[in-house]
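Multiple structures follow.
The same chain A turns up in both complexes below, where it pairs with chain B and then with chain C.
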Partner chain A sequence: MADIEQNSAPVRNPVTAHPPVRQMTAVQRFFLSNEFGLIVLIVLFTIIFASISPMFLSNFSLYAMGRTAAVNIMIGFSMMVVIVTGGLNLGVGAIGVCGAMFGGWLMQAAGLHWLPACFGALIVGALLGATNGVMIVKSGLHSFIITLATMSVMFGAMIFLTQAESFREISPAFSTLGRMKILAVLSPMLLTAIVIGVLLWLAFKFTTVGREILAAGANARAAELSGIRVGRMITYAHALSGVLAVVAGLMLVSRTGAAIPSMAGQLGQDWLLPAFLGPVLGGNLLTGGRISVLGTFLGAFLVTMLTTGLLLMQVGAFWVQTYLGLLLLIAVLLDLARRSYLARNKLV
Partner chain B sequence: MSQFTFQAHAVTKTFPGVVALDKVNLSLTPGSVHALLGENGAGKSTLIKIMTGVHRHDAGHMEIDGTLFAPQSTREAIAAGVGVVHQERNVIPRFSVAENIFLETLSADPWKPINYPKLYRDAEHWLDLLEIDADPSTKVEDLPVAKIQLVEIAKALALKSRILMLDEPTASLTQHETERLFSIVKRLRDDGVSLVFVSHKLEEVQEICDQVTVLRDGRNACESQPLEGLGRQDIVRLMIGRTEQIPTWSQRDCRDRDVALELRGVATQAGHTDVSLSLHKGEVLGLYGLVGSGRTELAKAIIGADKVTGGEILVEGTPRNITSVADALHQNRIGYVSEDRKSEGLILMHSVLDNAGITVWRRLQNAIGAFTDRSVEKAVSPVVKKLEVRTPSLHQTIGNLSGGNQQKVSVAKWLAANVSILIIDEPTVGVDIKTKAYVHELIRDLADAGTSVLLITSDMPEMVTVADRILVMDEFQIRGEVINDRDYDRVSHEIMQHIHGSSEVAAE
Partner chain C sequence: MTQHITKSDWFGPFVVSVAAIIVVGILKPSFLTPFNIQILLLAISVNALVAFAQMVIIGIGQMNLSVGAIGGLAAISFAGMMEVWGLPWPIAAMLALAVGLLAGVLNGALVALTGVSAFVITLATLSVFKGINLGITEAQPFYEIPEAVKWIGNASLFGTIPLLFFPFAITAIALWYFLFRLPLGRTILAVGGNSHAAELSGISVPKAEIVAHAISGVLAAMAGIMLVARLELGQPSIGDDWLILSFAAPVIGGALLTGGRISVAGTCCGVVIIAIITQVLVLFNIDPFLVQVVLGLLILWAVGVNRLREIRGQRHVPGGAA
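And then the complex of A and B:
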């Protein structure tokens, strides 16, 4: 029994018993993050485009890019808040256009001031989104199916109600916003997108509802058994998605000075690629449970920049789509490489 | 030729922020059952995962029959004759029992069509051997936790390995199934297989093992020595550095207090037809039964996760219609610690803090529904500290913690929830003896402070230590009541009598 006595020394303190193990600071973690990778790409492409075409960094080009980016960012946010629940919203475009058309109608036919009109439009977005949410929860079907169906229904109903006519008499004050320049380069729309981004970040970090949506997305059963109303959270997420989609739609209305039924293409499908690109480049898991608002923001920005740059280089529009598709693949592969590098070097 | 089947020399493994194994040695001899012991987070599962090709070690080397062994994948380990039952569940829920048991052989030749009748017949053999009462074609997801565990064991046995590692195989088994497993283990041992057995139940270790290796903080506290001559307290001292403290709590009787929760003739969709019980304020009411007796199902019905089809549930004397866990928690202040931490108790991809705090967010939020992590930390850290959750930080992903440490958080989140009625289902599955005592203390503290506790556990000593009164459940019915006077032999005997009495009646 001698060796037992020898071994039964007092418990070692686990922290001091071993040589210190590498622990990362917050700054180091940021440098290894997906968001930082996006920033690097943005800088890289800025340099490339600027050296090819001096026009790229002109005030007008920067302004136009910010304005387009704002719309893409909102579209990305709209998809992101549903992706974090582990679902999808194929109706981002349809809801965005429906809400924007309603806003146009309120301004033209009902003669409302643009502020209440926009508010009304956002309410429509929330209601349409919530309808999706309720149907998904009640039916137990995947959001893919439900939003695919409601997308067509909503878009069709909108075409029927508006007779496919545009509303062009929208309040001049509202369309001024879309053309306004702050300090020659900054669009109020980009500012709006930044503010909304910050609000979303705060909401998913500090509010109960935001955190419960993430929990529901990560493991619905465990969330339910922890006292979270999972169905309600999914409905909230879809309602929020509707609101964000309508913000994107209203931005387009403000920019063009008209609410046009085809502003997002047939059934709103022109928005589908940006809707996925932002969140996926931004590193949001398609299986849900994790959010990166900054990533989505940067991802959407990168996509806008590439589109603008390629168009500036007079690359045909259809090639732009091809390049965007390639970008998605490259980004995903890069992320994979980054992750395995981190795992190999024990940094995560 | 070495006398050892397997040897590990100075195996080292680090994870970010954690040294899991620090120059660990292990030698296995043929025809023996080797106990691998240590506190939660000591590194037992990590060692097993390295031996089975799940993780790669950083330094040191391993040998099988004297030749170098460094599996790069689980498949390589299996080919070398190393089989394993992992601590964490490792089955495909949507596949049938038979498909899961023969998963490795099925996937070896992906183009060969599967002969299902034969597959089911072969599976029957293993099911019979382990006395698993389940059809080979049932989906694993439809089985209760304990049966899934048995399927895991069958799966490992079907590989017919020369080295078989069992990482806490008995954690969610009751005595009967454990005995069944042990008779198989003994047979394998006598056939010359080297077995490694991990468990926090020292009685089991002393019953079945002949050699022992203890890990402490990732280092050998003792190395492949005979178990003979080591008493329980010797082993405990190797594990935790001091002897065990066994609480000698006196008898408690709360039956003259107000009733906090009452069931009157409750029937459920799960299969209960007529269950009545009352839980008094500040009482710890035990619910004992064998696996599949309907205890968890009853708990789920009470908290609104399963359907109640008849009878009445009264909370503090008023009939309540609870339709969701949120109702139970927010309207009735009832909480439920799930027996299944992996799929029901925890959100594995989220942090320790998010998991521990999920039940307190709504309590801590301000007027606009916001809260800070700091306030959550303040609310949960007393419990998390008391249970000594071993983690590099509260922001660590909980899926990276050792099994026992995950379990601690799964319990901690409800101990911090400030509920007045708490249903606790198998709270100490996979928890080491030291922390187990802390869990018991915390339950006791809650009860002393007025919380009513319904304790479901298959661990008889735990039941006798903690419960004030014990109800015995069998086949979805309550068969009897035992007043717990902490006399282990008498109480356990009486409990088993209630169970066997009822099955005799059922057999007639």
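And then the complex of A and C:
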């Protein structure tokens, strides 16, 4: 990795240089964590929105929110697994759309059952992601510029191949999945996101590969010296990111009942903000090495909730983007403040 | 002296653009008609300002995702102030530039004061600016552009050199002079080359960052205003597709994304190459959808070449500043 380590994040004091850290129980630690802050915010905003508009807690609203949240959570996960390596993936949207379009093509043109079609789409996502990873590792360039270039290539190639036409003949079984309601409020998509979240948590906590990806992200050189193949780990992370992006894309296909090339905007850029909002709100360090699956999950959920609430309050759909941008700014500033507070009081 | 020229950052892209012009000119004589040259120059003039807006930030070793959003916001401010408030166009243009300046200063101040990576800050401000743009316009264009502005946007000298070429040319020279001859400009490049060393030698890094982002904002606003004149329309979607372009041109022109090394002439050559390729795809009836693919491949090729040059440079000059 070439280091565009531009004044990123505050300096983290090496643990050794610290005076003895104050001992804390797991519970105390949790109260100081990002995740706890997010839960407080989610509860707070639920109360606020529910008191302003009783519609907010209606079955339909909760169901719709869960469905939208599932997509945002997957987009956030997709960026998260690359952020932990200290890199970025601007191509989340482009890969997601490419995979989803391929899935749509398999269902419509090749007439496949939706299960193998989705599987094929996920493989395309993994391949596209792995291509990014290999190019980043081989060139030694920062992932920013590589994924910027490949998102243009991938999206352009997809538009060229499909001639910007949608695939509308999606297998009915697949689109039913997107409209199905479990217990009147729960979408299978949200369930999928929860399951994938648990799997990711397990993978990064307990498997060798997961832990090695984290180690590579925390300190590439140290990881290399201790025998971790850093290049391979970065490639794995990007491949995983591709798969997760395609899951998000397929969720959208299932929800709308069509694979539409513009579902993530020009070059997939519309996914960029949600992709960063989740992980940044969730307290993942942009310099890599630390992962918070639960934080990303809650972060993406909070974003969805705020969007829904703002729309219900009729602030005008056009302004929502401004609020989300401000939210990202506030999240970054609060995180800085929280971390300097913790450091000053020697709590970490 | 010749060696000095062939080794400079802009020489490679320059040779490529001249060769491309000759080859395409021979294959398609219509390419070099005055009318076509005028179209090319128009595209180059606007795109170059977009590229400059990113180039300055690349020079300081950061990135600015909000170039397009600032350009769009300035564009609709310009058109909106003329239509809704009935301001004369020079005043509207100045105020729109001020919007760009303000947006840039905001970016710079946030980056400098918080120390958070410019990527995240400009991603956030990108959606703030774009949201304001959409909130004001509700995605509807401003149609009533004064005749004078329309004339400026489409008139040309001798049928070949568009009037909009002049703001671009003046900006390019001024920017070169500022970055490579004035102390403040050199400060920006010094911070980009090695911010720690720059700080130790008494340079105020936050000041350099704010200045760089402010310039970037003004340049993006200029590009937006010029596009309004050219399109004769205050489109809210102006700037949406600038992201790839803004990185492609400086990188093709030899800029290193690690900062400190940019070239105004090289960036201009990058813009020329992109303009020629876009035109060629049209002239030879190749699918215009492929433009994105070609742009992406160009970036990959350019960063690859730059990386090789960087590695080779380090090998030749041990400890290597170039």
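Just so we're on the same page, the second predicted complex is superposed on the first by the 320 of 348 C-alpha atoms of A that agree within 3 Å, B and C clash if a C-alpha of one lies under 4 Å from a C-alpha of the other, contacts with A are read in each partner's own complex, and residues count from 1 in each chain.
One rule holds in what follows: contacts are C-beta pairs under 8 Å (C-beta built on N, C-alpha and C of every residue); 3 or more make two chains touch, one makes a residue touch a chain.
This structure is a prediction, so every number in the text was calculated from the model and none was measured.
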For A:272, is the partner it touches chain B (first), chain C (second), both, or none of the two (neither)?
second
In the superposed arrangement, which partner chain does A:332 touch: chain B (first), chain C (second), both, or neither?
second
A:218 in the overlay: touching chain B, chain C, both, or neither? Say first, second, both or neither.
first
Touching A:139, do we find chain B (first), chain C (second), both, or neither?
second
Should A:181 be classified as contacting the first partner (chain B), the second (chain C), both, or neither?
neither
In the overlay, work out which of chain B or chain C sits against more residues of chain A.
C
If we overlay the two complexes on their shared chain A, which of chain B and chain C does A:209 touch? Say first, second, both or neither.
first
Tell me the contact category for A:148 with respect to chain B and chain C: first, second, both or neither.
second
Across the two complexes, find the residues of chain A that touch chain B and also touch chain C.
3-4, 7-10
Please output the residues of chain A touching chain C within their complex, sorted ascending.
2-4, 6-10, 88, 135, 139-142, 144-146, 148-157, 159-160, 163-164, 266-267, 269, 272-273, 276, 280, 286, 316, 318-326, 328-329, 332-333, 336
Can you check the complex and tell me which residues of chain A touch chain B?
1, 3-4, 7-12, 14, 17-19, 21-24, 202, 206-209, 211-212, 214-215, 218-219, 221-229, 289-290, 346-348
Note which residues of chain C are touching chain A in the complex, please.
61-63, 65, 110-111, 114-121, 123-132, 134-135, 138-139, 195, 240-241, 243-244, 247, 251, 257-259, 287, 289-297, 299-300, 303-304, 307
Okay, in this complex, where on chain B does chain A touch?
14-19, 22, 216-219, 221-222, 225, 229-230, 234, 237-238, 240-242, 303, 305, 324-326, 328-330, 335-336, 338, 343-350, 354, 358-359, 361-362, 365, 368-372, 390, 392, 413
